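Data block below; observations after.
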Amino acid sequence: MQIMRHELLLIVITVILLIVEIFLPNTGKHKIILPAILLMAAVTIIGFIPATPGILFGGMYQSTPFTVLLKNILNLGVLIVFIQSVDWLKQDQNREKVSEYFLLILSTLIGMNFMISSGDFLMFYLGLELATIPIAALAAYERFKEKSAEAGVKLIFTSALSSGILLYGLSMVYGTTGTLYFSDIAPLINGAPLQVLAFIFFFAGMAFKISLVPFHLWTADVYEGAPVNVASYLSVISKGAAVFIFTIILYTVFYKIAELWSEVLYIIIILTITIGNLFAMRQQNLKRFLAFSSIAQAGFILLGIIGQSQLGMTTVVYFVLVYIFSNLGAFGVVSIISNRTGKETMDDYDGLYRTNPNLSLVMMLSLFSLAGIPPLAGFFGKFFLFTAAAEKGYYILVLIALINTIISLYYYLLVIKAMLLNNSDRPIGYFKSDLYTRIGLIMCVIGIVVVGFTSSVYEMIFNLGFGLY
Amino acid sequence: MFEGVPLTWFLITGTIMFFIGIYGFLVRKNLITILMSTELILNSVNINFVAFNKILYPDHLEGMFFTIFIIAVAAAEASVAIAIIINIYRRLVNIDVEKMNEMKY
Amino acid sequence: MIDFSYTALILLIPLVIFVLSGLFGNRFKPLVSGIIGTAGLFVIWVLSLVTAYQYFFLTEKAADGTFQELLAVNIRWLTFSDKLHIDMGVLLDPISIMMLLVVTTVSFMVHIYSIGYMHGEKGFMRFFSFLSLFSFSMLGLVVATNIFQMYIFWELVGVSSYLLIGFYYTRDSAVAASKKAFIVTRFADLGFLVGILILSYTTGTFDFITLTGDESPAFTSGQGIWFMGLSTMTWSMIFVFIGGAGKSAMFPLHIWLPDAMEGPTPVSALIHAATMVVAGVYLVARLFPIYTTTAPVALDVVMYVGAFSSVFAAIIACTQYDIKRVLAYSTMSQIGMMMFALGVSGDGGHEGLGFMASMFHLFTHAFFKSLLFLAAGAIIHAVHTNVMNEMGGLRKYLPITHATFLIACLSISGIPPLSGFFSKDEILAAGYEKSLLLYWVEMIVSGLTAFYMFRLYYSIFWGKATQYHHTPHEAPKTMTVTLIILAVITLLAGFIPFSHFVSSDRIPFAAHLDLSIALPAVLVGLTGFFVATLFYRKETTIPGQIFNFLGGFSRAAYHKFYIDEFYLFVTKKIIFNYISRPIAWFDRHIVDGAMNGLSYVTNEASFRIRRFQSGQLQQYALVFVSGAIFLTLFFLYLWTH
Amino acid sequence: MSFLTLFIIIPALTVIGILLCKKHMQVKWTAVVGMGLQLILAIGLIFLFLAERRSGNMDEILFIQDNVWYQTLNIHFFIGVDGVSVAMIGLTALVVFAGIFASWDIADLPREFFTSLILLASGVFGFFISLDLFTMFLFYELAVIPMYLLIGIWGSGPRHYSAMKLTLMLMGGSALILLGILGLYFNSAPDGGPLTFDLIQISKIQIPVDAQLFFFPLLFVGFGVLGALFPFHTWSPDGHASAPTAVSMLHAGVLMKLGGYGCYRVAVFLLPEAAHQLGWIFLILATIGVIYGALGAVWQKDLKYINAYSSVSHCALVLFAILIFNETAMNGAIMQMISHGIMTALFFALIGMIYGRTHTRYINEMGGLMKVMPFLAVAYVIAGLASLGLPGFSGFVAEMTIFVGAFQKIGTFYRVATIIAASSIVVTAVYILRVVGILLLGKITNPEYETITDAKWYDKISVVALIFGITLIGLAPLWLSDMITGGLGPIMQKLLAVAPILN
Amino acid sequence: MTTNQLMFAIFSAVIIVFSILTVTSRRILRAATFLLFVLVATGGMYFLLRFNFLAAIQLTLYAGGIVVLIIFSILLTSHISEKMEAPGWKKIIPALIAVLAGAVITISTILQYPFPQQVMADSERTDIRMIARSLISTEKYGYALPFEVISILLLAAMVGAIILAKKRKD
């Protein structure tokens, strides 16, 4: 019980919500919002109570303080996502599907938790699918919008293709090692060509989840079409979970071919950061914009992984944490503005600061954090990522990444320019955002501002993390 | 030798099927046919798993169980995909994948 | 030993006056600031007289009979390194005291004069504060204990000159002239600076006493060939001389001086006749031991430049019509003679006659030239024009001015027994010993001097009787009184036994009049005088005929040999158009363009690759699959092999 | 806990105070009080520092505070000052203080303006007191970013373009710096032991020469971008031209000094061998920059462009002097930074004030302003004279120290470079006098300007404070020079160890 | 050629041929039928490998479940008689190149790999009880946990499908 606490709690609240939903009248479905959030908050808080580490189901499930930490990070993110979605859920056309929204998200979260804790590829695969398929339903959630349906299609089909390729890779892993348990596989990895092929197919499947170039093309379309909150969920939680397990698998299963995957990552990082940035430069739609920006960010995250050290692992987790706050901050603002005014393009944001200074400020902080500007948390995250990569001697790679930060700064500044510098004839009018949104944004801002200064967060992750050497 | 059938035969069959599925995925227009192609892909993987399990590692049933779960997941995936497809059909009255390009660049 | 530390006051008083009147000047009534300034100058004047008296008569000489070099004050101002540091202080030796006297006297006179001359001008107090600034800078230059202090005050002198030339700042010509003066001298100062750098590097000191002493490091180091066959020290001295040439308006850096006459006339008298322009001469004199001992080539340069400038300016002076410009060219010519004198001089005793002559001429010239200027100021004050063609017959209206002007003219023409005669005679004597050719050149110069001075004199005071709008009247007392005082000095200064005080090795010696030199000089002067009388006493056509007879040459002389145009061409056309403008263009288009180009390329790349994101699911899948396949291919078959 | 922390705390508190203010006046006065305190603190620091030195405390770094921040990465919050940083802090405090008054007229979003301004200032202060490369870099970037908003929102002309260009170029520089810092970090423990960002500690170890050769150009160019190293100076003209008054002041006056200081403190100090081997390349660039900036300024018609190019020239002189590697020139470099900082701040303040009155910065459209605004005009002339290196102002002291120092360096190459650099003083005179002549002197060309008024009280505070600064250094440079020299000891020792014949 | 080989050849041929037909047929319902054949043949493969239980699942779940689902949706969304447009060459050629390259690389890699000497497998049918035990076992090689997780997945998929497919009330 103790060991699987996260998953069990989530399952419990999912079931509770399911039951409550049944007893709610059709007109009062939105009443489930508050309980759902409170329950999630409770789970999040309980998650921080130290848990006993352990291995269950003969190694299929493993829980360490590290995975608990990762799950806590995800819980926190999901909590913020929930809080930010309230405004959207209260809209008329979504009222009747409120509880389904929570159910689906919670089930994907359960999937992610299992994925992170997985000790063999079967659990990993199931977690992965559980974390993907319901999101496709969520992406297509706004049935009255064509874009939403299109997003759903693109997500589910790309995901099917990618999981097919991933499975093919796994089948070859199985074929060459004879087992699916991580701990058994690891010593048997020897870098034979078929294993290289298997790894790359597996990698392609993961790259789809993390949206690395060239496996990223679905990202922007899905983010744009999906409801904002789903997009933000996809961009932070889903991606974050995938990064976590990807890192764990690389470090624990494929560590014998570290040289190989470092080289693969090397190429992919350059591609991802550069292409992501180049696309982000020209985006007008903010969701699309954030999509490409998150692609580039994913490339940066890989810099930590490529470091192969405990430092690298730590920075990856740390950066994801920071990234959750920053990206959710940005998405939160986009979300509330989209909900209230339906405006999503950058031109619409012209002069936003004059009418909605606080929202603009949150947006600015989030974007600056994403761009890695001190003293915001993003700066620390990026710096440590670069440190991790440089530690291994990848100076040229770091240089390329650094040059890319300039491009990324450019487009983040474009948004800030629209909000603060430009003036508009028809700016977005003043509106008062609701309590939930404000709480959500404040949480993000606190995260953005505080996480960097409090080194204890980093130290905590470091003490739990591990590296190849 | 599994009773006269080498492992690689299975693998090659599976691989060919895999790539045929991918080919279908890449060229078919109708969303449902694309869905069918993904089923081909998953099946090919299943053949691999099962063949490995039986011929090389018969001590445990890992491959077989993996296959079972893949089938289950495929069912779930198919159900959601079909729901989405039907949803689209209701909106657009066609399910041509090439028309799904409202969002680009 | 007498404590000379009070000499610091000579510097501090004008500085304090400048700061006070600069900060609070507009709170005072105009006249008050004039009076404060004048009173301050009076105090300084007295102080410098006292200093001179105490130095020459009360201080013991060194064992070998030289006047000592005294460091009255010396304060560390800035440290460069262990050896190199700038000190601020007061150095007393014969030439600095001589210069002190000249500067304070003329400055004092000019202050008094200006109270009358500038009366009612708008910037009265501004004028006086600038004058104080100038006095401070010039005195600082004179008493500098080290070459860097000199350079500092050298610059300050330049800026005060700039401010004073541009005093009438609403007049475009004045603004242009001030700018020109500053930039040209600044250019020369660069030479000075480079000279200092070389000198200080070679010798490891800035200090004058060390540099010019008997064991000067300048005599021992820097003797080897360094560049173009000349030694380091020679180059250093040539560069230093460039600085001096700039301030002293030597050819070809003279172009600012005539234009500088745009400033108020008292300024011209003070700065551009008596004090600042001789700074170059003073500088060479200061470093004279180095020139003679280790850099004779540089000294030759001084000689040739001086000689050429003197004759060059004299010719131009004959053709000009603006009275102040004539005086300006005359100044240039006279300073050229001083330089020439330094150039021909040797070191020590009678060998150093040229040095003494140069200083002597500097001394006398200061008085008669400032007198000339001040008188010219009185004339301009009376008739409101600078152009001599518009004057004539003024002797009836301006008797005092007339008299004093005549005295000054005679003096500069070298007519005995006026001061100019004595000093010029020494110069010619020194020149005769060195080079006969140059001796005759200087002879001609002195004839030309007499000619153009009397041309000026006759055109103003005689000639045709011009009708004036207002009847010209004599200037106020404050002005005439200074004219008279200066005239008296001009009359008497020649009898000072100058060589007893100033000599190249600071050992007094007796210079005597050499009739074989003096007589021809006087004759030449008189010739000039008579020719001028012939031409200009009455209105005649002779000058015009001669002017036409000489044709191109005289036109060229009238146009100052087109030097200005040449400079204009170089600066405006070449530097401005062909260097600065291309650089500005280069910066905007190439350097900046590179940066913009970078962003353009990025943007373009971003635009080009957008079709990968076509919105087509299957295209995405194709990229996905090919990506995976390519990676496999790459890592299986390309990377491993 | 060293009182140096106050240099960061005070701005932070001021920012919070400003954010709490409601009215414009409150905002301004909060800023004034905050930065006034900062100025007092800075002056106090100077006196304290001198007192410590006089009492015989010859430690390399004084007023140290060292707290561990990120334990595992060995990142410390490590602050302390030596003579050089004390001087730079004094400069910053003065310019910021003057800048507050120079932007008294800001009407649009004053709260945000002062917040950004003080944020920028706190970045600069933090940079100067930091001794840990990580925090140094943090503050460096912190100082760069508010610039974007300040220029973009309150600027003029093509402000969006300029702001973007400036920010991106500077961030480009900081990208190189970051890489360089990482390089230092990973080479900071050649004999094993913990890696460190500690500047002092790194300075005491011997970094492998090939690593030095790789990282020195990165660091030098990185900081050089901000220090307007040719040809990476091109953000400067546009940036300055578009920036509002106080921002130009701060930027040219202080921020560009971060570049020079970084080159000195990080690039040269920590990588002496590489500096010694590769210095000549940058020396050529710096020399070009000196003369190029000056000649570039001659042609310009926009006051701010003139000054921007002039800044390029002056700042290049700083880099030039640093690369000479001898104590005198290095001393001159620091003094030049301070001198140029105050002087150019004065310039920009005046340009802003003139622009506020005439609404143009094109010198051809103005003329004869001396008559209507004597105070500003005289101040402008003073600034101009200071800029062209007139004795009595700080510029002279600094330039002469540089030239004398540079000329002591053995080698014809250095001599020639020195003379070329020195010739810029003539060109400087040309463009300064050209501006003064056209702008201030002559007749009033535009009749509308007959009615404009002279400086207001707040303008005067700003101007007088700065003029006081330049003349104070110009008239009595010895205390500053001595203070700086004390700080140069360690760096000179390192350089001398590399090449014994340097001095 | 042993029986096994023959059977394998038949199944393999059916799989490959009908796979190709599935992805090329222009009549969608036919394509679905061909898919059914492929799935059945795959089931045959499992049978050949003595995974009878798996073969049964394949037939019931895949052939019976998913294909039926697909056919239903075809009926919902298409006209049976309608022939689909053939895809353009612009699509086919790159796809073919990618797929062929992929196939060649993969197969050659597989052929290169020195698979261990094949274990003589028990040709016995897999014991159904063993399967059952494994499925609820929590030990190593037990599948209780995945079994639970897949239930959540199916629940979530169901919920997702329902909210997408249900008609709006208005």
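Structure notes:
We call the chains A, B, C, D and E, going by the order they appear; numbering starts again at 1 in every chain.
By our rule, a contact is a pair of C-beta atoms (placed from the backbone, for glycine too) under 8 Å apart; a residue touches a chain by one contact, two chains touch by 3 or more.
Because the structure is predicted, anything quoted here is derived from the model rather than measured.
Chains that touch both chain B and chain C are the following: A, E. Distance from per-chain Cα centroids to the pooled protein Cα centroid is smallest for D. Contact counts per chain pair peak at B-E.
If each chain is reduced to the centroid of its CA atoms, chain B and chain E end up 6 Å from each other.
Centre-to-centre separation of chain A and chain D, using mean CA positions: 42 Å.
We define each chain's centre as the mean of its Cα atoms; on that basis chain B and chain D are separated by 65 Å. Computed centre separation for the pair chain D/chain E is 70 angstrom, with centres defined by C-alpha atoms.
Across the assembly, chain E contributes residues 91, 94-95, 98-99, 102, 105-106, 109-110, 115, 141, 143, 146, 150, 153, 156-157, 160-162, 164 that each touch 2 or more other chains. Annotation for chain C: residues 610, 613, 615, 617-618, 621-622, 625-626, 628, 632, 636 touch two or more other chains. Each of residues 168 in chain D touches at least two other chains. Of all possible chain pairs, those that touch are A-B, A-C, A-D, A-E, B-C, B-E, C-D, C-E.
By the touch rule above, chain E contacts chain B in their complex via residues 1-2, 4-5, 8, 12, 15-16, 19-20, 22-23, 28, 31-32, 35, 38-39, 42, 45-46, 48-51, 54, 57-58, 61-62, 65-66, 69-70, 73-74, 76-78, 84-85, 87, 91-92, 94-96, 98-100, 102-103, 106-107, 110-111, 115-116, 118-119, 121-123, 126, 130-131, 134-135, 141, 143, 146, 150, 153-154, 156-158, 160-162, 164-165.
Residues 91, 94-95, 98-99, 101-102, 105-106, 109 of chain E are the ones that touch chain C when the two sit in their complex. Residues 1-13, 15-24, 26-30, 32-33, 35-37, 39-40, 43, 46-47, 50-51, 54-58, 60-62, 64-65, 67-69, 71-80, 82-87, 89, 95 of chain B are the ones that touch chain E when the two sit in their complex. Taken in their complex, chain C has these residues touching chain B: 610-611, 613-618, 621-622, 625. Against chain A, in their complex, chain C makes its touches with residues 602-603, 605-607, 609-610, 612-613, 615, 617, 619-621, 623-628, 631-632, 634-636, 639.
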